[in-house]
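Next, two complexes with chain A in common: one pairs it with chain B, the other with chain C.
Showing the complex of A and B:
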């Protein structure tokens, strides 16, 4: 099989850029820790409300400007621990999200941030984010979960 | 009056056309639903008669993603095989018809349960949302029917090899085999989850379902599904368009090699759809990301071959300078224009795909409407414009009619309307996705915060684009009906390009199916065995079914 000289150059250049790209992605993931959310902890999806920490959803301070935010998703609601569906955190805070679902698959996306993960029954989903900018961020469900899917929402407000 | 001269054996032509009728009926139903969705999501319009947004979204996805594509592709494969390898035996044709009717029965069954509002689970039917068992049984019939037709394609190819010992097989026949082989290997995943998990569970024979196993099996199928749409378009790009422009195939061996690479690297990659899911080890996610990106190589080969063909032909016609050959292309021939515009749209489409499949960037756009914008560029523009480009000659060619100058002109208008509509709709979807707008969501004002309010104008733009696309769909249906039933009788070319004299010999190893199937299976086992065992061993208690619509 003979290959045209230009095609060899083209493929060599293409493959080289591909290798550089995959190396960048790999270093970012394994060395810098930018892995996609892949928590492997499981629980009984029918006993979520009895399992800590999901028996008490809401914000809990862990340390200096470091928080754990526990949220229970269900059709069609994000239980963030209050009826206002509002969580306030100070600017610069690091928040460890700790989320699960009591029923079907839901999406967990904080619009305008990198917080974006799937919630699946029986699994805990975790992600850590540092909030550098103030403002109101809307938490939405981004996986279809039933007739009220587009009504699931909560607000995370980052204040000075 | 001219005599009708069909380009393939008449009974084979009938089998092809049966697929085309279903495909274009699906186009009408599916695109109409699409229009309603964009109107609803603009916030200016409420669906009548209490019809749910997610019900029509399910119709849209099933009818366009599974019905239109599969029927068009199988109709095209049947025709290509009959043309290049020769007509079918009556036994083969009977199996083809059996497959067709099985698929059609499946489509009708599934559609009935969606329309009865018993299956608003979208075309991905993620557990533990539980539809009526009839929905899953209908889908099973579609898959099994497509297998029967796949075996007919394989058998005709094998028979050609027996009849022509030692000779190189026709390129399009070889490509048809790769396409159906990939489909067969990929659909084993969805068949496994539907037959072993969904049907027993929805019938109440078992109480619970392992959600992550079902999703993993679905995406084992879900990504090769999109390559199954793409490969027939590649067949036209590689082996048919060169003939339409009057040129030759750049290289037979490179065309075959790129199809083999696409077979190898299209299946062991499903985790890139599951990057943000819990319960899957990030190491294996990354391994599958690497395998995903290896399709860059055959894609680059394809881009090179196509433009080499165009440039060589343009220069042959007297094109001067670096880009003079561009002017020599048959821009007024819709059989060239529609697929060519499709190729151009594949450039931003492919770039978006690179973003979707990479570990970190996926985090930003996962399940946002960016993704919807992405596959409306790749599937609903690149692939569909190429399919339309095929239909312009295939339909008259197998029915013994002519593509008239008038229909050609209408086809050019269709191509432009579709491109404009899609640029607006898909462009708005991409932008809104970057701002966090979720996919698969009815109109909502959420909590009234500024971030979600900013999505409004983009949703309005999607409705404008969707309306233009609806007009494009109507134009396409007018052309299809004309070509199938009213165009003047005569003879329309079934264009099949020859290989350039400059191309070298094709190595025999490319036709060694045992080898390529073996490597495909080995790659799948490598990518899936360990994480899959891991998923099963560490599974949480299963889920009961939910009906939340």
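Showing the complex of A and C:
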């Protein structure tokens, strides 16, 4: 086959780039442990408030600088365990997010962080994040869920 | 005769292709490649920093 010299260079460049990208993603996933949000566990969406740990939403300390944050989303509220809708987390803490919805599909985005997942009724969405930077982060719903969609918010503050 | 005509065409065509300059195509395709790499690294860095 007669192939132009430039075409050969370009094909080689494209293949090499693809291999580099795949290697980086592979190292990130299997060596550094970066995983996408999971929703492998199911529950009865009509009995969310009676099912542990969703009967007691809020922040729970699991170990040294390790927490579990349980949140119940519903139209149009994030139940984080208090009326101020504020959660304070020390800097450098590893937080396991455990979230579900009682009614429709909601979004779960902690703006400015990598925490971003979809909540589906009947499924428990989980994600583990380590908070490296301090600041006030707003938790928003990013899936249109109804007339009060824009009112769904809570605050997570990472303190020193 | 149709046979000889075919033979003549096959010899001529690769010569014409070789004369075309692909320098501009190569540069523009490399620029797109560079743009893809820069945006990919940008998103990746943002993910790691957060």
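Quick note on the criterion: the second predicted complex is superposed on the first by the 156 of 160 C-alpha atoms of A that agree within 3 Å, B and C clash if a C-alpha of one lies under 4 Å from a C-alpha of the other, contacts with A are read in each partner's own complex, and residues count from 1 in each chain.
To be clear about the criterion, a contact is a pair of C-beta atoms (placed from the backbone, for glycine too) under 8 Å apart; a residue touches a chain by one contact, two chains touch by 3 or more.
None of the values given here were measured: they were computed from a predicted structure.
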Problem - First, second, both or neither for A:18, with chain B first and chain C second - result: first
Handout entry: Partner chain in contact with A:109 - chain B first, chain C second, else both or neither
Key = first
Exercise for the section: Considering only the touch criterion stated at the top, classify A:9 as touching first (chain B), second (chain C), both, or neither. Expected result: second
Practice task
Across the two complexes, find the residues of chain A that touch chain B and also touch chain C.
Solution key: 2, 4, 6-7, 10, 14, 21, 34, 112, 114
Completion exercise
Contacts from chain B onto chain A in the complex sit at residues 52, 54, 57, 120, 122, 126-129, 211-212, 215, 251, 253-254, 257, 274-282, 285-286, 289-290, 293, 296-297, 300-301, 304, 308, 354, 358-360, 362-364, 366-368, 435-444, 446-447, 449-452, 504-507, 538-543, 546, 548-549
Problem - Residue ranges of chain A in contact with chain B within the complex - result: 1-4, 6-7, 10-11, 14-15, 18, 21-22, 25-26, 28-30, 34-46, 75-76, 85, 103-105, 107, 109-112, 114, 116-126, 135-138, 140-151, 153-155
Practice task
Show which residues of chain A lie in contact with chain C when the two form their complex.
Solution key: 2, 4, 6-7, 9-10, 13-14, 17, 21, 24, 34, 112-114, 132-133
Completion exercise
As the complex stands, chain C meets chain A at residues 14, 17, 22-23, 25-26, 29-30, 33, 36-37, 40, 44, 47, 49-50
